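A, B, C and D are the chain letters, set down in written order, and residue numbers restart from 1 in every chain.
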Amino acid sequence: MASLPPLRSGEGSGWGQYPASPGERVRMDAAYYLIQILNGVQYGFLLFLVASGLTLIFGIMGIVNLAHGAFYMVGAYLAFWLDSVTGSFTLALLIGVPVSVGLGLAIERFGFTHLYRRDHLYQVLFTFGLILVIGELRSILWGNDVYGVDVPPLLAGSIPLTETQSYPIYRLFISLACLATAAGLTGLIRYTKLGMMIRAGASNREMVQVLGLDVNRLFMVVFGIGVGLAAFAGMIAAPVNSVHPGMGDEILIISFVVVVIGGVGSIKGAFFGAMLIGLADTFGAVFLPEAAGVVVYALMALVLVWRPRGLFAGG
Amino acid sequence: MSDTPFVANRRQFLATTAAGVAVAGLPRFAIGAPKRIKVGLMLPYSGTYTLLGNNITDGFKLRLAELGEKLGGVEVEFVRVDDESSPPKAKDNAAKLIVKDKVDVLIGTVHSGVAEAMVQVAREEGTLTIVPNAGSNRITRELCAPNIFRTSFSNWQANHPCGDVVLKDGHRNVALISWNYAAGKEMLDGFKESFVAGGGKIAKEFLPDFPKDEFQAYLTEIAALKPDAVYTFFSGGGALKFIKDYAAAGLQGKIPLYGPGFLTDGVLAAAGPAAEGIKTTLHYALTLDNPVNVKFRESFQKATGREADVFAVQGYDAASLLAQGLTAVKGDIGAKKALYAAMEKAEIDSPRGKFTLSKSHNPVQDIYLRQVKDGKEVVLGVAAKALNDPATGCKA
Amino acid sequence: MQHQKLALPLLFAALAVGIALFPLVGDTFYIRLVAKIVVLGILAMSLDLLVGYTGLISLGHAAFSGTAGYVAAALINKAGILDLPTLLAASLTASGLVALVIGWISVRTTGIYFIMITLALGQMVFFFFHDVSFWGGADGVNLADKPAVAVGETVLLDLSVRINFYYTALACLVLVYLLLTMVLHAPFGQVLRGIRINEARTKALGHDVQRYKLACFVISGLIAGLAGFLEVVRGGFISPAHVNWHESAMVLIVVILGGMGTLVGPVVGAFALVLLEDYVADLTDHWKLVIGLFVIGVVLFLPDGLIGPLAKGGKRRLCLFRRPKETPRESIGDA
Amino acid sequence: MRETILETRNLSRTFGGLRAVAGASLAFEKGVVHAVLGPNGAGKTTLINLLSGDLPPSEGMILFKGQDVTHMPVHKRVHLGIGRSYQKTNIFPELTCLDNCWLGAQARLPGWLNLMRPARGYPAVRDRAERALVLCGLDHRADAVAATLSHGEMRQLEIGMMLATEPDLLLLDEPLAGMGVEESWRVIDLLKRLGSDHTMILIEHDMDAVFSIAQRITVMVNGTVLETGSVEEIRSSPAVREAYLGEEHAA
């Protein structure tokens, strides 16, 4: 043992990321900041799709759904598979979202319904089990290779801003798609009976019964919406993200942070949280590369110290 | 999953082969040289690197088949462990093969972190180990040992030659980007060493977290920095994502992209036109035009139905190396000194071209310069002839 | 309640004796495996104090064990310190501090919010060790050497000798068991039980529940730190994966599997899970599927865990069916 | 004139727009059983919650033994000697009656981080707990698991737990809520016994009960104090008759 060499990290401090002295940092033109902001916002939108479903499920069903990221991954793999089978990304979307929603509802019916009366603990562990199962089924169905999905020809190409700076059209499309979904979701919650139920449920589950509404149906719908959003996010993200096994876990945790910051059950919170994280992550990556991963969590910790229940916590 | 017929695991094997049970139970060497040796495969059979694990396995089996299912005259029994590319489990998995299954030879693995932990156990237990991929420099430097061999490459080897290549192409100011983990840093350092020595300048170095693959922010900054070229290492999913984002950000063709071969290997099909023009250096190229390689690609295709790749080659050569060693000692795995000596002197006629081993048991091999043209990896020439890893810190 | 009072301690005693005698008969590999199980058992016990006895469901437990492990590794590799007491003290201090900070932020909430916050803060610790290259990066680091207790030149206890480690770990297991039993029978433990069953009322009876929860969190964190320290010494290796939330979730599984709120349950759970993994991994490459289904099965059909029948006294059940009354809003808690 | 143990000054609590308690200024005297009457929604329970610290007031202040406790958390008030029982039975169903009271009795221990000595090793605590059980008339059920008690017994236990903290002031929120006739008589007797040597603030619907137990009565109507006085004064007060009894008889 004694002969074993010292720790690897002994070599190179790691904080020495910049051979060029800070002063030497090139002046970044307006286009640069514009694009960086676009990047942050686009990432934020994507997070919002996932986080909004997560926060609804938290707020209304009172369930910590660790498997939410798995649905995001399933969406992406479906997008890849259907796209290669049908040859049309649009078609892939149209088929893929319902399929994943169906999967989600089946799990809700046969799994969660037995757990609503149980301690949160069991729901959490159940969803953790789901992660393992869905992950392995994925590797049986699609293997563990990394896949790419081609950007639909219509949206291929990018908008040149300076001679090197340009912004991919498809990323704009993602932002718009998310914006549309967000608007739709808000409309649904503000102006429909279902939305009324959801708002009631988010603030107080008993109230839903008081209002004489069918809780089980509400739960089913909410879970369906959540899964749908996650899968949809996974699908439209597929062309810009490589489709790979670890993707579910990555998005899950960061979405947690978004929900924690925004406040359980609050769509508004999810939105602002997502934007905050999207931008923080983007600019963190640029300005303190070494600590990039920690930045968003530090941000979360700060918010929690200030507001233990998040920015827009219901009640 | 690997479709070549072989013992999937110990239990099944023992169930099917009475001999196996007998030998597994018997005290070894009671009857001179044993009729069979136990080879432990510690490779990723689940997770992101599954395909690599399978190709290495099948490469090894292909060579074994060519040699008539015998290595140096002895039959081979396989024991397989899925290391999941999970460093925390590495030592337990290695111990499982060495201590529980009492394998004679350990073959593994892909992930550098896992490989290092595995090698440490192998050093303690003194088990013959052949590393068929993991490029961590340390394995044949600080961690080198008489019983540790490598048939793949060192991260330094795969990158060092590219420094001169980039300079020759007339690029003086280069931005670097790779994941912030050991392999990534070793790769970039290998490049920097020769590039800076030759008068090159590093515009900036980006190290996103492993395995984060949202590169947009970095690409935007690279575009603003306008370096002469970008040198990068990513593999698998990250590589594919980076190549596509790089093109999507409109940098393809404007700022040339360089890197070690892993950047493009295995992702060409998925990347499509986005990969066009990328120049890489590696100890192998699928399109290498030598008889061994041509034959190898055919038979691998035939045996597995899959296209061969550099990983299959490394597994294939692991078998060759072991075979030469065992032949020299007439299959007596017990004669460790002679065995290791023979393996150290071995000259492997590999699909990558002939190579020998250094004192630190790392391949001394040619590094090729390749470029992606029309979705194919084209060999432009040899970037470094018979390149030997410095092996600094190897005391064995 | 009555026969539980006897059954569980007896079961633990039996386990401890069994573990102590095993090296006389077991083969090397399984001795290593048991050592691993013992360490996992300690970690699970520490989590049981939170989950089983206080009703605080933490999904960030690996942060404490991981921190201790990393601190020990850094001291050994970078400062060349091998003195066991010093290392242990340093590691525990570190894990205790992390527990104090994470606890301070999270005990102000309850229910799912508590779960989420512990998870998120745990991941923050994960990224800290993952990103800051001082700690060795994503691949983790190997121990240059293993700690020992020495007076002057004479080495009293060298943990690089496997069997020494084995019995040291066992001693720690027994010690932790006794310590927790003591704490739980003391007034402190009574209040924790009160908090689990009815937090608001416990407060109304004059107990500063926040303070109790925080103290409980720190004690748990310290013991987790001990487990983390032992783990890094056992494996001679530490990596971010040791700090990842998957690790925390698996420990939680171990607790449930054995039977929470029993102390001995988690140890039984550790045996069950590790042996199952060792067995299934040999059978199929898709063993994770089996583990996943197993987890789901346990959750659905074995809420009281393997030793549930022994531990009865109905306490868990009642607790289960009390909770649903709380609405998500309440469960977000009195901040 | 007895000394005042608890005093509120212009105490108010609003929920959204609704003023549950509006500018209540009350004085509660030592050794007196003081009942608070009022129709539903008069703000009685809110008042108790403000006094016990379960709710923070919107305005005004609370003085206990001359000390400002307006913003003091519940557990600290317990240590000062304020104990309360809840309208909705609020006990530890899994624990025995003794253990239920034990937790209350423990609150009086000096310090909080008692990790070493077994709880059973604190005779003082045991005495307090057992005394509380005797007082609330459950000593014969000491080892019964609370969940198995009858409703009436649970109400008694509710009170017993409060007594275990040895409060100088008892806040009782509808101790007779949802009880059968002879059950309630048992509790009424209990309250009378307690009344003889405890200061109590009692909220109750049951008029007869109130009149038989209380010495002073405050009548509240939609959050405001209508009148405070002796049982007789309240009985004969036209305003009260009008606002409360009237409706009560109509019901």
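By definition in this document, a contact is a pair of C-beta atoms (placed from the backbone, for glycine too) under 8 Å apart; a residue touches a chain by one contact, two chains touch by 3 or more.
In this text, all values refer to a predicted model and were calculated from it rather than measured experimentally.
Contact with chain A and chain B alike is made by C. The greatest centre-to-centre distance from chain A, using averaged C-alpha positions, is reached by D. Here the largest set of C-beta contact pairs joins the chains A-C.
Chain centres here are Cα means. That of chain B falls 37 Å from that of chain C.
Separating the centre of chain A from that of chain C, both taken as means of CA atoms, is a distance of 30 Å. If you average the Cα atoms of chain B and of chain D, the two centres end up 76 Å apart. Here the spacing of chain A and chain D, counted between their Cα centres, is 50 Å. Of all residues in chain A, those touching 2 or more other chains are 1, 4-5, 8, 12, 136, 139, 290, 292-293, listed in ascending order. Contacts with at least two other chains are made by residues 1, 46, 120, 180, 182, 185, 209 of chain B. Within chain C, residues 127, 130-131, 133, 137, 139, 142, 236, 286, 288, 319 each touch two or more of the remaining chains. Every pair of chains meeting the contact definition is listed here: A-B, A-C, B-C, C-D. Only residues 1-2, 4-10, 12-15, 58-60, 62-64, 66, 111, 114-122, 124-126, 128-133, 135-137, 139-140, 202-206, 253, 256-257, 259-260, 264-265, 290-294, 297-298, 300-301, 304-305, 308-309, 313-315 of chain A touch chain C when the two sit together in their complex. Touching chain A in their complex are the following residues of chain B: 1, 46-51, 120, 124, 138, 142-143, 180, 182, 185, 202-209, 211-214, 216-218, 220-221, 223-226, 236-238, 240-241, 244-245, 248-251, 254-255, 267, 270-272, 393. The touching residues of chain C, when paired with chain B in their complex, are 27-30, 32, 36, 127, 130-131, 133, 137-140, 142, 235-237, 239, 241-242, 278, 281-283, 285-288. Considering their complex, residues 1, 8-11, 45-46, 81-82, 86-88, 90-92, 95-96, 99-100, 111-113, 116-117, 120, 179-183, 185, 209-210 of chain B touch chain C. Contacts from chain C toward chain A in the complex involve residues 51, 57, 59, 73-74, 77-78, 105, 108-109, 111-113, 115-117, 119-121, 123-124, 127-128, 130-137, 139, 141-146, 160, 236, 245, 249, 252-253, 256, 286, 288-289, 291-296, 298-300, 303, 319-321, 323-324, 327-329, 331-333, 335.
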